[in-house]
Every structure is written in structure tokens, then in C-alpha cells.
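Next, two complexes with chain A in common: one pairs it with chain B, the other with chain C.
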Partner chain A sequence: MNAIETNQLTKHFRDFWGRIHVTAVRDLNLQVTTGSLFGLLGPNGSGKTTTLKMLTGLLHPTGGSVRVLGGAPRDRATRQRLGYLPETTGMYPYLSARDMLHFHAGLFGIAGDDARRKADALLETVGLVQAANRPVGEFSQGMTRRLGLALALINDPELLILDEPTAGLDPSGCRLVKELLRERAARGKTVIISSHLLADIEDICEAVCILHDGQLIAGGPLREMLEQREQTRFTATDISPEHQAALQDAFRQITGQPATIDYPRLKLETFFDQAVRTAQDTTQP
Partner chain B sequence: MRLPSSFINLSLIHVRSLMRNPVCMLIAVTVAVFTLMLPLAFAHTFGDSATRLARDGGLAFQLVAGIAFAAYAACALTGRGRQSGTDAMILVKPVSPSLLFMARYAGMMLVLLLFSATCALTTLLAQRIAETFTPGTGLRLDMSTAASGALCIALACLLGAAADASRRATFHTAVFCLLPILLTLAALLTGFYDRAGNRLHAIHYTLDPSTLVAALLIAVGLLLFAAIALTLSMWLTPASVTAAGFLLLATGLSAEWLLAVKLTNRAARALLLAVIPNWQRFWSPSTGTTDPAARLTGTLLYAGLYTAAVLILGCRRFEQSEQL
Partner chain C sequence: MKTLRAILAVFQVTRRRIVNSRAFIWLLLAVLAASGALPFALRGDGSTESLLKLAVIYPPVLVFGILLTGTLWTAAALSAQDVESGAFSAIVVKPAPLTAVWLGKWLGLLTLNAVLLGVAGVALRTAIAIRATPSSATRILDGHAAFLPDDAPLREEASARQTVIRMSGEPTPDVNSLLMHVKTEAFRIPPGQHYSWTIPLDGSGIAGADADWSLQFQFHCAAVERRPIDGTWTIRTADGTEQKIPANGLLDGPHQLPLGSAAYAGTVSVSFSNQSDSAATVFFSPLAPVSLLRREMPFGQNLLRAFLLLFCFLAAAAALALSLGTLFSFPVAVFIASALVLALLLAHSFAAIPEPGHSHGPSDLAAHAGSRAGEWMLAKLHHGTARTLRLMPLRQLADARTIRTSQLVRAALALLAAIPSSLCLISGLHLRRREFPI
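Up next, the complex of A and B:
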């Protein structure tokens, strides 16, 4: 079953005189399977944010149709099951993080102890417990983003739509977001992410689509799209230089082709994370 | 139960947004100070008519500053919601645009009523300050009432600063809320104070309550204008909304005269009089009216129907709007 289906989805922006000024999205056909982690990619101005806003009902399509969780995006029932983190996280600067969560919980009819419990759990999840009672106006960009993510999760949505979720986050924040999204997908929830950070998308998404100038230019399961079937890789642990040379000789004798041997590299994100954790362990009394 | 609680939550958040806005506090304090100073300008020059002039001057301040206040508040709420993305964050939740629009109006309404209370109470005090109360020694200003009014403003600012320092509230919010409370205390003390006997007289209240009714009528007019400003703010910039407000005020004030002179068709005249907001209805002359109760009921009915029509238009517009 598809969490999202668009058919010939089109969006024109018009000028004051009603003339078409920009066509942001053109005849977009998109299917996102329920329970998948889906990435929406594209250069600046390719129509990613416009597409996400049409999926959330914040913009009206000029043409075509869109179904979200089986209903129209503006339906109350659809919105009850939807979570959205926009590109700009709109906050009331004088409210604390906890108050913001309570306020948004109230919009879903979650109140009292239930709201408090959910707010506390989400503050813990996004790492903002220490700053829970500080006014949001004093938050850094990364902290605001974390809080925005918590706000999008307040109703435990079946479909989570995130526009540049890792923008402004430090590496540990990025890792947290990715773990959180993987955990949601494991629970059968659907996640759609739009991002410029291809490494993040590659890390977590199962399927992607690439937009250019408002049109879909490529899409499908990420593994199939990136797999290079003309090359083969063996992985082994702790092989001495003598054995490596012997293996290369044997490979050449069997296949008639030379083989390249090198050492796998850690991702910089993993290395950074390990270094920070080590530093934290050593500085803690 | 969800709808009322969402509505209350959204309304209160807009009340807080406005009260934390320094411009709103500045307008309220400025009107209070100027209204209290009106007797200085009138009392010695105009003699017995100074009381009436102080009253009408205070009410005029309330109307004109209230229009600027409402226009600014509408644009601040609409513009900020759109630009900061708070509207988008709310509208992806199960909240209809109409509910958000109405909650925004309710928030503005509460703040405007507080503002009007400040204006009405200072007008009441100004009227007392300008009153002649010792005919034997000639005209003089009631300096004790003037001092109590000035003290209220100073005290509101001091307490506001203390609240800000202790981080319980911001200066602007505290001053905005404290002003009507302190002025109410001052109006009560002054009203029950017997100047001739130089003592408090608990039974006989001496301030003119009809001023409060006149201020209430203006407040109702301001609420009508707030609905117009909130609807216009979806199309226009803040400066244009304020300009449109004063244009509407001018048109509304002259509508009866203009239409009576220029338009002979009675049906067309009646239609135009219904469409152009008739501010004359909200201005209660200090000379009094023949039937104040009927006038009050008629005005409230007119304002209620007009405001409802404008709000329906605003809701429809907001339903169709997009969060770019």
C-alpha cells in the first residue's frame, strides 16, 4: 500500500496579473510505499519544498491530484496522522521548549499527563532535556531544529515529512536524526526526507527520487540505482602482505584479470563520533 | 472538546504575542499619558466646558490610537505568522485555517479590550482632573487625581521592570496588563473620595459612568475595525492597512452627510450606509442622547452583524490562502 500517491501533480506560481510566473512542479507521478524511508533530492529550485508543501496541504496543486495516507492532504483525519518539519522552523520565541511541545500537543487534543509524558519523552529523544525550560528564542539553529523534529513527532505520526532535517545540526545531531528515522521505519512508519546532503540520504533511505526543474528525472530503490554489477568486492579481516600478494596472483591465474587490494575507510562521521565520545569519556570525572 | 481547547490555546498564544510586542505597550502608555495631560490644555482656557473637552479628547485618543493599534496588531500577527513559519507549523496540524483566523481575532479582541480599558479609565480620571470643584476660589485642577493617574503609570513601569528582572514576565507584558488594573484602583479611590469633606465616602461614587459606556461603544467600533484590519492584512502591507483604516474612518464619519447630499435614491443610500462602516454610531456625544439604551442595543447589533460578515469573508480568504 502507498502512503503517498501523486498523479500528474503540477504547481504554477502566478504573478499579480495572473500570468504563470514559475512552474515549480510539473506532472509529478510519485508513489511512496507505506513504512519506507524515502528521499527527495534535487538542486536548489527543483521543486522539492513545493512538492512537500502540496503533500501537507499548505499549497494547493494547480493540476493533478495527491493522496496522502488514503485521503486528501487537507482532511482533518489525514493531518491527525501527519508530522511535518518545514524548512524554517516556526517557533514562538518566548515559549520554552516544553511549552512549545505542550502547545502543539494541545492542537492534537493531547492534554494533561499524556501531553507532559510525551513532551518529556521527546525532549529526552532529541537531547533537549537540559534546555527544556529555556525560551526558544535563545536556542541555537541546531537546537531549534531538534525541537522542530520533536514537534513533528508529538502525535507519533504515521507519515513524517521532513524538509532538510539535518540543516544546522552538528554531526551528533545528524546521527540522532538518522537513528530516529531508522527506528520509525522499523516500526512501520513512513518517512519522507528532502535534503541536499546526499550522504545522509544514502545512509538511511531505501528509495529516492530526483527532481530537476520541477520534473522527475530519476527514481527507484536506492540499492538498485547505485549498484555497480560490473564490479565485485571481497571483504576479509587482517590479511598479511604476503597473503595479499598470493591472493592477487591466484586471482590473476583464475580470472585472467588483475585485482586491486586496499583498506576500507571509516566514514568521517563515524570517526568524528568516536573521537567526541572518547573525549567525553576522558573529561568526565 | 478538542475545538474549544485548540481555539483557546491559539487565542492565548496570540494574546501573548501581542502583549510582548513593545509597540502595543508604547501605544497604550502614550495614550494614557496624553489623556491625563489633556486637562492641562483645556481647564484654564475653556472653564466649565473643560470636563466635556477632556472627555471627548480622551475618547478621540482611544478611537484614533485604537485604529493604529488594531491595524498594527493585525499586520504583526499575520505577517509574523507567515514569515516565521508558525502558521505553517500550526496548519499542518488538525487545525482549520478558519479556526486559526478566528483565534487570532479573539486574541486581538482581548488585547484591544485591555487597551480600551486603559483608555477609558484615563479618560475618566482626566474628566475628574478638569472638573471645577471649588467654585469659591475659581477654576483649578484636581492635582491629587492627576498625581494618582501619573503614579499608576510610573508604578506599572516600575513593577514591569521588577517582573522583567525576576524573569516572571517581560517589561512590555507586565506594563500592558498592570496599567488597567492600577488605573481601576485609582478610579475607584478617586470616585469614592469626597473632595469637599476630604475623606473617602464608600457609598457615593462621583465619577461619570456614562464615560465608560461611551468608551465601550468606541471599543466595539475598534473590534469591528480589528476584523477589517485582520482581513485586509492578508492582502496589504502594514502601512497600507493603517492607511486603509484611516480612509475607512474618514469615509465612515462623512458617509451620512455625503450620501444624504449626493445620493437621492433611498435604497442605494441605505445599502451604502450598511456597507460603509458608520463610525458615527460608535461616537457617543457628551451632550447625551434621548434613548441611550436603544442606541446601545442598536449599535451593538450593527457592530455584531458587520463584524460577523467581515470575519466570514476573512475566514474564506484564509481558507483559500497558501503558505508559501
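Up next, the complex of A and C:
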């Protein structure tokens, strides 16, 4: 079953005189399976944010149709099950993080102890417990992003739409977001992420689509798209130089081709994460 | 229940947003200055009565003006700036009805106005209490029922004049215009002459009951300089009782003379005699030359009612600006809201011009087609809003008239219920259709 289906989805922006100024999205056909982590990729101006805004009902399609969780994006029933992190999180700077969460909970009709419990749990999840009572106006960009994510999760949505969720986040924040999204997908929730940070998408998404100039230019399961079937890799642990030379000779004799031997590298993110954890362990009493 | 929670959530955020804004502090200071400090800066003709009269004329008008400006500004900002900053995008993707969001913001604005009007009311009441010496002087500010002269004889004369003019073949003026001329002529009292007005009290339901009465009148002098006028008021009741009240050294303008406790009934005759050695001819106002006032309600209670009415007007203004903020950008919304309010005031002032032959009056303008169109629009605007604008209590407060419960109910129905709910529905429908590209 698809959480999202678009059919020939098109969006024109018009100028003052009603003439088509820009075609942001053109004939987009998209299917996002329920429970998947889906990435929306593309360079700046490719139509990612416009697509997400049409999925959330903030923009009306000029042509085509869109179904979100089986209904129209502007249906109250759809919105009840939807979480959205916009690219620019318009927050009230005088409210604290906790108050912002209570406010958004109220918009879902959640109040009292239930709202307090959800707010506290989400503050813990996004790592903002220490800053829970600070005004949002004092937050860094990364903290604002974390709070935005918490706001999008306040109703435990079935479909989570995130526009550049890791923008401005430090590596630990990025890792936190990724873990959170994986955990949600494991619980059968659907997540759509728009980003131009390819590494983040590659890390977590099962399927992607790539937009360029408002058109879909590639899409499908990520594993299938990236797999290079014409190459084969063997992995082994702690092999001496003599054994490596012997293996290369044997490989050449059997296949008639030379084999390349190198050492796998850690991702910088993983290395950074390990270094920070080590430093934290040594500084803690 | 969910909708109520959404309204409450938006209301609480709006309330905090307003209280945390600098505009609120400035409004509070301005309102305190207008209501608490201005009564101490006012100087009348030296009497406590004139000072108190001025204290219920200027501070409430100023407070209302400040709060109206603040309300239009804040309300437009609440909706327009939210749309422009992207805060609205985060709200409209939620399942809360957009009318609930509008309502929450409007209720927040009402809280702002309630707090500021409350502060202004307490400050004004305190200032008046301090300035009133003796303290019983505030009785002239109490709420009164007003009984006006019977103008039937003068109306008959106006009709007769209209008939004569019609028969002569000349352009026939409106009977009300002629009535104003007749009254202006009749209420002109040179030194040594007098004029009597007949004031019917029957049918008021109070005839014969003991009550505190006073006489209110307004005149201006023929003299270029403001010279004090000496005269005598005579009150004659139906049973022949006569009460003479000397009124010496009166300067032109509005006045209120206490008559004490009496049991007037039937028809009361009120006459003014301008003394032969008086300084000038006096002209009583053709609109409200004299009126008998019967005390009904303490000033504090009447002030509270007046401020409740002002609150209703501010609530309607808040609804208007809030709705315009959902349609236009912030500066455009503020401009349109202010322009509408100014047009209403202009239309009201235009319609209130008493004499058609006045240099700024309708007849002069009627000669030009462009002006005629403007006149027509202002007249239509006035005609459409006159019933609502008549609920404005500032004039009644200044004239020491009781603000009736029925007036409060009508204001609540029109300004707190009908107008805001219509605007709320329109805004909700518009927000459902509009796009949020930011």
C-alpha cells in the first residue's frame, strides 16, 4: 500500500498578470510505500520543497493529483496523521521549547498531562532537555532544527515529511536524526526526506527519487540503483602482506584478471562520533 | 473538544506574544498617561464641574484612539506576520480548523484590550476622584436619563415654511433643514428677552417619583470675545410650582445645573431669561438646547458600561484587522484597516454637519460631480453603519447620559458576535483556499 501517490503532479508559479513564471514541478508520478524511508533528492531549485508543500497541502497543484495516506492533503483526517518539518521552521522566539511543544500539541487537540508527557519524551529524544525552558529565540540553528523535528513528531505521525532535516545539525545531531528515522521506519511509519546531503540519504533511505528542473530523472530502491554488478568485493580481516601477494597470484591464475587490494576506510562521521565518545568517556568522572 | 483545545492553545500563545511585545508596554504607558495623567493636566474655566466634564471627554477619547491604533496594528501583525514568517505554515498543516486559529488569536487580542481598558478605567476613575473637590462634585458625571423639549410646534412651523416655498416655485429644501433654521432663529435670545421649552415627562415611567434632577444646556454668544452671560432659569411644573435659578457669569459651552431632589411629573416648562444688562445675545444649540436630566446610576457604573462598549468596538476592530491580515501583507492590512476606520469617522462627521448651508456642508459640495460622488459614498457608508456607530458611548459619557443595558446587549450582539463571526468565517474560508509558499 502506498502512503503517497502522485499522478502527473504539476505546479506552475504565475506572475502578477497570471502568466506562467516558473514551472517548479512537471508531471511528477511518485509512489511511496507505507513504512518506507524515502529520499527526495535534487539540486537547488529542482522542485523538492514545492513537491513537499503540495504533499502537505500548503500549495495547490496546478495539474495532476496527489493522495496522502489515502486522502487529500488538506483533509483534517489526513493532517491528523501527518507530521511536517518545514525548511524554515517559523517559531515564536518568545516561547520556550516546552511551550512550543505544548502549543503544537494543542493544535492536535492534545492537552494536559498527555501533552506534558509527550513534550518531555520528545525533548529527551531530540536532546533538548537542558534547553527545555529557554526561549526559542536564543536557540542555535541546530537546536531549532531539533525542536522542529520534535514538533513534527508530537502526534506520532504515520507519515513524516522532513524538508532538509539535517541542515545546520552537528554530526551527533545528524546521527540522532538518522537513528530516530530508522526507528520510526522499523515501527511501520513512513518517512519522506528532502535533502541535498547525499550521504545522509544514502545512509538511511531505502528508496529515492531524483528531481531536476521539476522533473523526475531517476528513482527506485537505493540498493538497486547503486549496486555495481560488474565488480566483486571480498572482505577479510588481518591478512599479512605475504598472504595478500599469494591471493593476488591465485586470483590472476583463476580468472586471468588482476585484483586490486586496498584497506576499507571509516566514514568521517563514524570516526568523528567515535572520537567524541572517547573524549566524553575520558572527561567524565 | 479538540477544537476547543486548539483555540485555547492559540489563545495562550497569542496572549504571551502580546504581553512579551514592546508594543504592549508602550500601549500601557500611553493609556496610563491618557487616563491617569491627562486629567491632572486639564484646565477648565476654573470650576470643578468644568474640569470634571473635560476629564470625561478627552481621556476616554484619547484612550480609545490609542487602543484602536494599537489593536489594528497588533491584529494585522498577528496574522500577516505569521504568514510572512512561515509560522502559519507550521500551524495550517495541523488538523485544527483555521477558524479556531483565527478565534484563538482574536480572543488573545480581546485579553489585551480588556487589560488595557481595565487599567485605563481604574486610572481615570481614580484621577477623577482625586480631582473632584468636594467629592460630591462627581454627581454631575452620574448616569442620567435625559428628557428633551417637544419640538412639535417648531416642526409644524418648518412644514408650513416648506409649503410656502414649494408654492412659490423655488427649490424646496428638506423639512429637517428648515427645522434647523427655525430652531436656530427661535433659540436666539437677545438681552432682556426669554424663551421657553416644553419638556414632556409623561410616558417615561418615572412621573411623580422623587429623584435627583439637573438641567443641561448648551449655548454660544454673539460676541467675539467670550463674555460671561447673566440670566435666570425658571422651571414650571404642571401643578404650577415654579423654581427660579439664577445663572450668572456663564461662559458659552455646555453646562449642567443641579436642580436638587424633586418629583416632576406631566409636562415641565423650562425657560431662560437673558438679563437686559447681559453682555450679549445667546444662541442655544438647535440640536440639544436644554434637557432635563434625572439621575439614574453612579458615575463609576456608567463608566464601566462605557468602557464595556468601547471594548466591543475594539473587538470588532480587532476582528477586521485580523481578517485583513490573512488577506494582505502586514503594511497593506494596516493601511486598509486604518483607511476603513478613517472613512467611517469621516462619514459620521460628514453626516453630523448640522446646517446644509454651512461652508463645509453637503450643499456646497453638491455643485461638483466628483464631490457629489464622494458625498454619496460617505452618505451610504454612514447610512450602513449609523446604527452601529450610535452605540459609541463617548458622547453619552460626556453628556452624563445613562448607558442602557439594551445598548450593551445590542453592542455585544453586533460587535462581539455578528461582525467577528462573519469575519471569522470569511477568513477561515480564505485560509483554506490560500497557498503558503513560505
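In the analysis below, the second predicted complex is superposed on the first by the 285 of 285 C-alpha atoms of A that agree within 3 Å, B and C clash if a C-alpha of one lies under 4 Å from a C-alpha of the other, contacts with A are read in each partner's own complex, and residues count from 1 in each chain.
Note that in this section a residue touches a chain if its C-beta (ideal position, glycine included) is under 8 Å from a C-beta of that chain, and two chains touch if they have at least 3 such contacts.
Here the structure is a predicted model, which is why all the values come from computation and not from measurement.
Clashing of chain B with chain C is the outcome of superposition onto chain A. Touch criterion not met for A:G256: it reaches neither chain B nor chain C.
By the touch criterion defined above, A:G106 reaches both chain B and chain C.
By the touch criterion defined above, A:G18 reaches neither chain B nor chain C.
In the three-chain model built by superposing on chain A, chain B overlaps with chain C at stretch 332-340, while the rest of 152-160, 188-196, 206-214 or 332-340 show no clash. For the contact definition in use here, the residues of chain A common to its chain B contact set and its chain C contact set are 53, 56-60, 76, 79-80, 82, 84, 86, 88-92, 94-95, 103-104, 106-109, 111, 151. Within the complex formed with chain A, the residues of chain C that make contact are 1-3, 5-6, 8-10, 12-13, 16-17, 20, 82, 85-97, 101, 432, 435-438. The touching residues of chain B, counted against chain A in their complex, run 1-2, 5-6, 9-10, 13, 16-17, 20, 81, 84-96, 170, 320, 322-324.
Interface of chain A with chain B (complex): residues 53, 56-60, 76, 79-80, 82, 84, 86-92, 94-95, 103-104, 106-109, 111, 148, 151, 155.
Against chain C, the residues of chain A that register as touching in their complex are 13, 53, 56-60, 74, 76-77, 79-80, 82, 84, 86, 88-92, 94-95, 99, 102-111, 151.
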